[in-house]
Amino acid sequence: MSLINIENLHYRYNSKGNWVLKEVDLEVNSGEFVVIVGHNGSGKSTLAKMLNGLLIPTEGDIEINGRSTKDRDNIWNIRQQVGMVFQNPDNQLIANIVEEDVAFGPENLGLESMKIRDRVDWALKEVGMEEFKRHAPHNLSGGQKQRIAIAGVLAMKPKCLVLDEPTAMLDPLGRKSVISTIEKLNKSLGMTVVHITHFMNEAIKADRIIVMDGGRVALEGTPKDIFAKVNQIKKYNLDLPQVAQLALELQKSGLDLPDDIFEVDRLVNLLCSLK
Amino acid sequence: MFIEVRNLSHNYDKELVGNYTLKDIDFKVEKGEFIGLIGHTGSGKSTLVQTLNGLIKPTEGEIIIGGSDITKEKDLKEVRQKVGLVFQYPEHQLFEENVFLDVAFGPKNLGLEGEELEERVKEALVAVNLNYKEFKDKSPFKLSGGQQRRVAIAGVLAMKPEVLILDEPTAGLDPKAREELLQEITSLQKRSGLTIILISHRMEEVGQLADRIIVLEKGKIVLEGTPNFVFSHVDLLEGIGLGVPQITKVMHELKNKLNIDDMRTDLFTILEAKKEILRVMRG
Amino acid sequence: MLDDIIIGQYIERDSFIHSLDPRIKILVIIFFIITIFLINAFTGYLFLAFFILVTVLLSKIKVKYIIKSIRPLIFIISFTLIVHLFMTRGGQIIWEWRFLKIEEEGLRMGLFMSLRLIFLVSYTSLLTLTTSPLALTDGLESLLKPFEKIGLPAHELAMMMSIALRFIPTLLEEAQKIMKAQKARGADFESGNLINKAKSLIPLLVPLFVNAFRRADDLALAMEARCYRGGEGRSRMNALLLVNKDYIVLALSFVYLISVGIFL
């Protein structure tokens, strides 16, 4: 059974407003790494907030592990199972000491203090921030703050991690550290990840890419399927990684290259084998 | 020479000797040049651009802009008019009840009023591709993120600076908004001969726009030259964690693997790279 | 730099006083304050000075930090001293010059009052010097808990305090950034008369508030996403736990201070 099941989802902020999400049907399986891309206003962030009941569908249904977000009795269970990390690293850390912040979630779950301590230490280690546990968040870099936020969610032992543009406000180094942390969690813990971004090159390693446009799912498929649809990607105001563009140009010029090249190493190796 | 920075050093805390945020910076900028300034968070680039319009007074050195040393200048307003600085996420500084008043804030501080003021605001909004009539009475807080950013940039342009410094103007924008904004900046420079200094983390962006790139690391200039020249130093740039455009990376790796001496690696546009690769492959 | 001002003046040390439960420290301070106002003999102050000295030694905090905390109050202390010296009447005349007169009672009261102030400030500053802001809010929350029955929102107050502690540095940084950005547009925050100065703050304050509200929105959402639903059902990682030494310190201080207060 799928972990997240979305059926015919419609959403608008008020009864006279425009539909922000329309006819969305999606499934996310346990352990999957799904990347949702789309330009600003495509509805991707609204969709993220629906996944743990911060917003409730106007029409249609979202089920997490078989429980509907519409049923208020399920809400705390769903929020524990689906952890959210937001865009702005400054606006989601609550405590003025790193480990206290990571403890915030488990504390809300009412766990006993020894258990919280264990989980906090474990979560900080998973994101590689254990040496900063007694630091004040405002002295850390953006990438470090985002990793603390991820640890704060991990400490609640969720089944799924939803990240809403976690790298949009970071510099390249911070972005790299956050992306590799997410990939590691997916691989080593088997954590289900829903990563929302407008950087196409962050979608390369995904199991599945979902392109949102105008509140609908416009495209869906593996990176290989999606990156091959150059013209459509341009239409949805997204940018193809430069390597992929170069590979396609070379292919057009007659070099015998496959469609699914979006990493530097792969292109270089394939070109070498052609020579 | 339009801007000349000589021997510039700065340390925030004079008691901590040797704790420099900027050390022995020397560079020159011609009128109408487009400079790309790259470096890490904390490399000193923000401090450097703030010294250029007098927001930070450097501890040592001279900054000569249009013939006078601004570090000795008493009237900083004039300096700040000459050198416009757009900070990161500039939309966070919007404060007026409508777009007109917000853009007018700068020129008003310079003493402009009446028709002249209106003309300035109009010009600035047009320059960032916002329709004057449509936007002037709107609240800046009700605009989209991309529009807010444009209004904020117009607020600096309305002061008619001779140098425009932009600190990561495209941060947080999606590809479409980014593309549009960059296009506006280039066409603005072409039209008005504005001198531009652009801070950016995106190597591709800087490569395409800048005439010359300055690389800052730990408060010092470690590399300076045309994009082709700068990007040919792949190992140095990767060593300090900045990296090079993907295309440059491909060229560099390919040359290493194929062991071809006369292959160019300093390219960063898809078209150029394609030509070079085809040349090499078809040998 | 900013940290010095903001995070109170907490100084991390590995000391006996640091290791005490914050609630015990707060209670001892309350006893201390009561005692100060009960005492009216110099011998009593000697005993209190001794009590402070013992605490300072156990806290491993340098005396200069405590003196530093008194410094801002020098004016008030001297003012109290002078007013009492010349205004309070009673007892023998000690010194006289034209219409100025110092009498015995004035000297006594002047010294008493200034000593009270000095003791009060130095002892409470010991609390903030040895207790992290977080522990302090936790301690206050726990002590105020019994008053929740009469409608005092103890948990909410403590949560507000700790969020404020977290965000003050962020907001200060932001204020500096906005100020610079407006200066770059020719804003002038320094010159002009009072009204102009107040007006010139608008371009700083409006964005600062707008951003603060946005932050508050984001933060509320993030807290909700992490299952926050108020104080009910919430546990703590570093739950406050009273151990033997806490009880002993509390009992000894109580006995010592109250007997000093009553008998001297």
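The letters A, B and C name the chains in turn, as written, and every chain counts its residues from 1.
Keep this in mind: a contact is a pair of C-beta atoms (placed from the backbone, for glycine too) under 8 Å apart; a residue touches a chain by one contact, two chains touch by 3 or more.
Here the structure is a predicted model, which is why all the values come from computation and not from measurement.
Taken as a contact graph, with one node per protein chain and an edge wherever two chains touch, the assembly is complete, since every chain touches every other chain.
For the pairs A-C and A-B, the count of C-beta pairs in contact is higher at A-C. Annotation: 46 Å between the Cα-based centres of chain B and chain C. The geometric centre of chain A is 44 Å away from that of chain C, both derived from CA atoms. Work out the mean CA point of chain A and of chain B, and you get 31 Å between them. On chain A, the positions that touch chain C within their shared complex are 49, 52, 54, 76, 79-80, 83-84, 86, 88, 90-97, 99-100, 103-113, 116-117, 120, 136-138, 149, 152-153, 156. Remark: chain B residues 50, 53, 55, 77, 80-81, 84-85, 87, 90, 92-96, 105-106, 109-110, 141, 155-156, 159 touch chain C in the complex. Across the complex, chain A is touched by residues 40-41, 144-146, 171-177, 201, 204, 241-243, 245-247, 249-250, 253-254, 257-258, 270-271, 273-274, 277-278, 281 of chain B.
Within the complex, the chain C residues that touch chain A are 3, 7, 132-134, 162-163, 165-166, 169-170, 173, 214-215, 218-219, 221-229, 233-239. Those residues of chain A that touch chain B in the shared complex are 39-41, 141-142, 168-169, 171-174, 198, 237-239, 241-243, 245-246, 249-250, 253, 255, 264-265, 267-268, 271-272, 274-275.
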